[in-house]
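What follows are several structures.
Two complexes come next, and they have one chain in common, chain A, joined by chain B in the first and chain C in the second.
Take a look at the complex of A and B:
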């Protein structure tokens, strides 16, 4: 009798937990990421097209595109808008270059109290550091393979 | 048309990464590293270029484009000046993005005060 009662309350509790846990279903999150990420890329495309229309070549246009997107992302991070956007967009705000800029600016702002060198200076690389390190190393390894293959030919 | 392609390809990449974010224990930092390395590999296998041709900013704005820039820089520099190129090309090609993020990030730390978490 006692056992049965416990089981029942456990079940009720489980139901309660399920009810109050915010339901972030994967399809909904994916749709949001799709929307936000897609729109950021459209903005990038707009910058690319505008730069090329103003006479920049493909490479320069790409540079303008990253430059402006990074500037906007840092600005929105400072104004505390980007975190709100990230809450909604999830991976949609993480994957584009704006997510990288956010990961640089956010710790720089957050840790300024700890000083120029060990606060801003080292925390600015919290995420940028690994990204740059593994990006450089992996492209170096791949480039080495390319180099060796070229020698064989 | 290029806007539509940029939208759905860029969106799709983000939606796929959302699966990783929700279903695995990968932290955002690890995901970014993964994306950059993926971009470098795609670029090395010559898959990235036709893909970027089609998707435009949908391929270059996500971080895989950053990996592509790094590898492409190494590749071009190796073709031009051999072994030295392995060490020269990568950061040179991606200099704008890295410098912009660091410089704007630093300036932001001078201008903005930390906000309280909500």
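Take a look at the complex of A and C:
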């Protein structure tokens, strides 16, 4: 009984807090994410086209594209420019490959002081780790589904 | 005679004088509205050290030495230090205090630690257990981000309700040797948990505790809010302030005219992009030592209620989806006439 009452007041308080707490404007954030994310993708397309124009095949050009984008993201993370970009661009900087690179480079910088093994070594994937793990798991599940469907046909 | 008031408060028979207050703040704090008030502004985020944690220790060490210097005493005159910070196992305090060679009580009250330290140090002096006692706390933006949130270079968007951890340390020396400011009473805070889980909205997590401690203080001492020139909370920020006003209104109190918040005083959000305000153990400590104490000494404020507020969560409690309980410690500080 007491518990139920507490839960109810907690919910009421949460509702009230939500009402008085200011939030970022969603349309503005979406517009900025579209702009920044779009520009990163345009840059990627530019690298892709340039590599192909220089004689690379589609797969090789794709490699160059990823390589250069990751390098730039890590460089900008080290120069402390990427966090500023992310503050403005939000998900626009998070979703492309550059966001992933940032999430690996940032812990590497922060935990460097704790040593090569227990610092960088064990903490470099603190943010990116879940993405890798569940990325692999979900592709495994999808593979299994695909395999089963192949058998049915 | 010292006197117990109500269930949670103490009125000291003799005032416990604040002999000195010292503050050392970081660069961003130095650029804020209180910049000219600080004793020292350290422009180097690492304070000449190798890690954020060592930097925080260094700031604390300097604040302690400055407070001793201002009080005109040596470290050997101190009977005990009550010190704390935000890092796990009070790391910043431990490494600073090893160098000071003074008996120590290490405290953790999250951002309310300065209130806790002042309360306990005053009790020690009031009980004649120490001729001189020190209250000392610190926080550092980078060490706190590392302890509780993300690596600094990770790109993300902070919500508008988030607060900015203050880099800095504040120290006060307390004694029965007279001065123009004194602690005359304390109200020990209870842990109050309204079930909120959003650690990026700490103001909302702590406001119920602040409300509880302020109401209890007013009831225990039989005072009205008007009897305090200022009621100054630690780091509720703009969101927490609004909630505190609403909660107090339900209890029949209106403190809008005399309320200040250290977190809102130390930064100018419009220019410094700090969102709801400053926070951390260092926030209320440096604002108390640099801004509040001089106004009490000058007599501009005769009596204030200083209420540092803390959000008692840890990395683990956050990960396990626990709520964020709040606490607030209240200290009554008064102007004293005629120093003899």
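Everything below uses one rule, namely that the second predicted complex is superposed on the first by the 130 of 153 C-alpha atoms of A that agree within 3 Å, B and C clash if a C-alpha of one lies under 4 Å from a C-alpha of the other, contacts with A are read in each partner's own complex, and residues count from 1 in each chain.
Methods note: contacts are C-beta pairs under 8 Å (C-beta built on N, C-alpha and C of every residue); 3 or more make two chains touch, one makes a residue touch a chain.
Predicted, not measured: the structure shown is a model, and the values here were computed from it.
Engineer: In the overlaid three-chain picture, which partner chain does A:13 touch, first (chain B) or second (chain C), both, or neither?
Structural biologist: second
Engineer: In the overlaid three-chain picture, which partner chain does A:127 touch, first (chain B) or second (chain C), both, or neither?
Structural biologist: In the superposed model, A:127 contacts both chain B and chain C.
Engineer: Is A:109 contacted by the first partner chain B, the second partner chain C, both or neither?
Structural biologist: both
Engineer: Just chain B (first), just chain C (second), both, or neither: which does A:56 touch?
Structural biologist: neither
Engineer: Is A:80 touching the first partner chain B, the second partner chain C, both, or neither of them?
Structural biologist: In the superposition, A:80 contacts both chain B and chain C.
Engineer: So in the superposed three-chain picture, is A:94 touching just chain B, just chain C, both, or none of them (first/second/both/neither)?
Structural biologist: So A:94 meets both chain B and chain C here.
Engineer: Quick one: classify A:37 as touching chain B (first), chain C (second), both or neither.
Structural biologist: The answer is first: A:37 touches chain B but not chain C.
Engineer: Check the residue A:147 against both partner chains and state whether it touches chain B (first), chain C (second), both, or neither.
Structural biologist: Once the two structures are laid over each other on A, A:147 reaches chain B alone.
Engineer: Residues on chain A in contact with chain B in one complex and with chain C in the other?
Structural biologist: On chain A, the residues that contact chain B in one structure and chain C in the other are 24, 29, 77-78, 80, 90, 94, 99, 103, 105, 109-110, 113, 127.
Engineer: Taking the touch rule as given, give the residues of chain A at its contact with chain C in the complex, in rising order.
Structural biologist: It comes out as residues 6-7, 9-11, 13-14, 16-17, 20-24, 29, 77-78, 80, 82-83, 85-87, 90, 93-94, 99, 102-103, 105-107, 109-111, 113, 127.
Engineer: Give every residue of chain C touching chain A within the complex, in rising order.
Structural biologist: 50-51, 146, 150-161, 194-196, 198, 201, 204, 208, 239, 242-243, 246, 323
Engineer: Can you list the residues on chain B that touch chain A in the complex?
Structural biologist: Chain B residues touching chain A: 2-3, 6-15, 17-23, 28-29, 31-33, 35-37, 40-41, 43-44, 56-58, 60-63, 65-67, 69-71, 73-75, 78-79, 82-83, 85-87, 89-91, 94, 96-98, 100-102, 104-109, 111-115.
Engineer: Report the residues of chain A in contact with chain B in the complex, numbered from low to high.
Structural biologist: Within the complex, chain A touches chain B at residues 24, 26, 29-42, 44-49, 62-63, 65-67, 69-71, 74-75, 77-80, 89-92, 94-101, 103-105, 108-110, 112-113, 120, 124, 126-128, 130-132, 134-136, 138-140, 142-147, 150.
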